[in-house]
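Let me give you the structure first, and then I'll get to my questions.
First chain written, first letter: the chains are A, B, C and D, and each begins at residue 1.
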Amino acid sequence: MNKKVANVEEACQGIESGMTLMLGGFGLCGIPENSISELVNLNVTGLTCISNNAGVDDFGLGLLLQKKQIKKMISSYVGENDEFERQMLSGELEVDLIPQGSLAERCRAGGAGIPAFYTPAGYGTEVAEGKEVREFNGKPHILESALTADFAIVKAWKGDTAGNLVFKGTARNFNPMMAMAGKITIAEVEELVEPGELNPNEIHTAGIFVQRIFQGKGYEKRIEQRTVRPKN
Amino acid sequence: MNKKVANVEEACQGIESGMTLMLGGFGLCGIPENSISELVNLNVTGLTCISNNAGVDDFGLGLLLQKKQIKKMISSYVGENDEFERQMLSGELEVDLIPQGSLAERCRAGGAGIPAFYTPAGYGTEVAEGKEVREFNGKPHILESALTADFAIVKAWKGDTAGNLVFKGTARNFNPMMAMAGKITIAEVEELVEPGELNPNEIHTAGIFVQRIFQGKGYEKRIEQRTVRPKN
Amino acid sequence: MLSKSQIAQRIAQELQNGWYVNLGIGIPTLVANYIPEGIDVEFQSENGILGMGPFPVEGTEDADLINAGKQTITALPGAVFFDSATSFAMIRGQHVQLTVLGAMEVSQNGDIANWKIPGKMVKGMGGAMDLVASADNIIVAMMHTNRAGASKILKNCSLPLTGVGCVKKIVTNLAVLEVVKEGFKLIERAPGVSVEEIQQATEGDLIIEGDIPEMKL
Amino acid sequence: MLSKSQIAQRIAQELQNGWYVNLGIGIPTLVANYIPEGIDVEFQSENGILGMGPFPVEGTEDADLINAGKQTITALPGAVFFDSATSFAMIRGQHVQLTVLGAMEVSQNGDIANWKIPGKMVKGMGGAMDLVASADNIIVAMMHTNRAGASKILKNCSLPLTGVGCVKKIVTNLAVLEVVKEGFKLIERAPGVSVEEIQQATEGDLIIEGDIPEMKL
């Protein structure tokens, strides 16, 4: 089952203005850098982007925000991006802020055929407005619905041509759930190998969730907060 | 964070008659053999056992059935066990049969603080009796609730003393979700190592879900259906 | 009249390139033996493997590597193991393109019964209820009649249901049927089996339009 | 009056052996620097690590290894990485024994506000809503008053809420408070801070019973 495509251009074929995209990553960690650049090139607009964060002003999803390609963001935290805050406060950008755990679970639910589930997160807050409230074990919960996307775009450390993915460290984050929830899922990887080279016991995302995979290049992997101890 | 206990006796301390237990495994694959033997020794009775299957007549949970230690089974498939069928048809044993995917998801939900979720599985069947039905995307779904247990007992291939677990092949099955859903989770492993010996990227169940871990012994790992090709 | 293997062989003709396929216990399992040339499919077993291969060579069997029928199996290159929640996320989330399973009864509105005979046999539904409720594309592999000769292709199921309105296609020892609004549409006859024989063995409404071709195996 | 580090130091005294702990951004992060001798705890960061260690030695930082504050970190022996759904399964499922987080306001019924100032600042709630809705044991680390001197320990929160009725304990630069039925119960004073000073800085109902001891750091 060969999911390999030649390059990012081929991988992103079919992405059109007005579509809903999921993009993996937490902050700038584990984001699909190659595909984001290609979205800038394609100049698709009116996008709804589901991503935990919105990048920084000049990297990650910030690149799409600067070109005003995004109509609506669905995120949990957007604090690192001044342009984002400006567009949001001015009303240029629609924003749906969702608790991080609910965002993760809603993506998973979308991929897992669970249309809705109850969670205590957000009860009694703005997040609960218009949502059903129900008590379980004496505690109020709200009903949250599944999220899906026309395209999910994820970044893995290693992948094989069958679409199996392995992530590294905390770059895993939202990538596995979003891979599940895309009608078409694109995976870009730092190292693309042949089937059988990954240990079947150690694969994080099964190839069944991935429709296209390509070998990425030129990863910058920018660090947002470089915190270190002195060398001795 | 040391979760290591000396042996199966120490691991099973506190298990009492009338409790609800979850036991990992699919068929006889990945079952906690040592702990099941200890449950026989302890002679606790009136147990509610949540396990995908009920073992065979003389192995796995079949051992507890023979001694009539089980009051109620919550399973998805029990076809390999004559004594089970006899006790069930005669009414000696309460049985709650649950679709396999709903069983897995209900255990996960129990561990993940999701009190209930909607699934299409079982709509229009006996399984849906008494359950709320709601339509999503034009398709009827039923509301299923979370499952938890006083003790969850799982079997892993490798584990470290911090409780991190790695499973092998299809012996993973229900073990990770049940580990999440136990008030106290006991893990027995074929190989117990020190923290740092398992690659943090390759751990299937995080130690946070495990309260007690021990090095199992004398694994029989019986095969139910030995199907082979000739050697040529 | 088809043998069980031939039923599997006929179903294998339905396979399309790139499909992930879940095969139930019994006749469905045999489908893997007849994958048409040039068709690349991957088999999912709901106990936690994708990329299931043939039975192991004698002496290499591994107790930790079985399929949903509890048979020892092998893993092909590119295979992956996962837990039961992830497995049914694949199924419920409609990532599996074809489900083949057995049945005791099917009815003409697409209901299926295959898990329980009240008072007699209760093996449980296993993953069947999840599979039939979720899959867009379900083929039932079954014998057209029971041992006593009574039809299992019915107006209404008499046994407790596994799922409602979910079966689209049925391959029996006598025929290929499609479930349509008005009943069971006869698509193909088994070699040497007449339309009349099929009609006789079918309790549900059988829709016969034009000449019914014989299956090619 | 406590410094931010001292607030963290006081909170660290609450740690118990064997606890898994989630530390929010800001003052809470500093708690990791003051783990009492003999106390074995493990830190969870909700972006996907358990067993978080100190910042990396210069030159060894890894872009693929950060905490929820996007800071480069290290992993201790026994650490484990996981996806965001699993991370919040740990949190929502109450497997984390202590959550420490900052707040803009808390109210005496245990409400907390820390994610939005309408029309001015909207950073988002990140994982805070999941954390406060799920955790049995939440300690808030905060300054008692804002820069203008107005109390942040209130009868009712004025800002959009992060969670309702969830805060149990608060450690500020002035005091340790417990949220009880009648209001904020004063447990300890910061060194050199009088009960009167605390009373003055507290808009909510302050409950003072007997002698209030000074914190020991």
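One rule holds for everything that comes next: a contact is a pair of C-beta atoms (placed from the backbone, for glycine too) under 8 Å apart; a residue touches a chain by one contact, two chains touch by 3 or more.
As the structure is a computational prediction, the values presented were derived from the model and not from experiment.
**Q** Count how many hops through touching chains it takes, at the least, to reach chain B starting from chain A.
**A** Minimal hop count between chain A and chain B: 1.
**Q** On a C-alpha centroid basis, what's the spacing between chain B and chain D, in Å?
**A** Distance between chain centres: 36 Å.
**Q** Would you kindly tell me how far, in whole Å, the mean C-alpha position of chain C lies from that of chain B?
**A** Roughly 28 Å, centre to centre.
**Q** Roughly how many whole angstrom separate the Cα centroids of chain C and chain D?
**A** 55
**Q** Going by the contact rule already set, what residues in chain B reach two or more other chains?
**A** Those would be 105, 108, 112-114, 119-120, 167-169, 200-201.
**Q** Counting only residues that touch at least two other chains, what does the list for chain D look like?
**A** Counting only residues that touch two or more other chains, chain D contributes 49, 75, 81-82, 85, 88, 91-92, 134.
**Q** Examine which chains touch each other and state the graph shape they make (line, ring, star, complete, other).
**A** Other.
**Q** By the document's touch rule, what are all the touching chain pairs in this structure?
**A** Every pair of chains in contact is listed here: A-B, A-C, A-D, B-C, B-D.
**Q** Within the complex, which stretch of chain B touches chain D?
**A** Within the complex, chain B touches chain D at residues 1-2, 108, 110-114, 160-162, 164, 180, 194-196, 200-201, 203, 206-209.
**Q** Which part of chain D faces chain A closely enough to touch in the complex?
**A** Listed in rising order, the residues are 45-49, 54-73, 75, 81-85, 87-88, 91-92, 111, 116, 119-130, 133-134, 160-165.
**Q** Which residues of chain A touch chain B once you look at their complex with the stated criterion?
**A** Touching chain B: residues 105, 109, 112-120, 136-137, 141, 145, 166-169, 200-202 of chain A.
**Q** Spell out the residues on chain C that touch chain A in their complex, using ranges where they run on.
**A** Touch residues, chain C against chain A: 18, 20, 40-42, 44, 49-51, 75-82, 85-86, 88-96, 134.
**Q** Report the residues of chain A in contact with chain D in the complex, numbered from low to high.
**A** 26-30, 52, 75-80, 85, 88-89, 95, 97, 99-105, 107-108, 119-127, 157, 167-177, 204, 221-231
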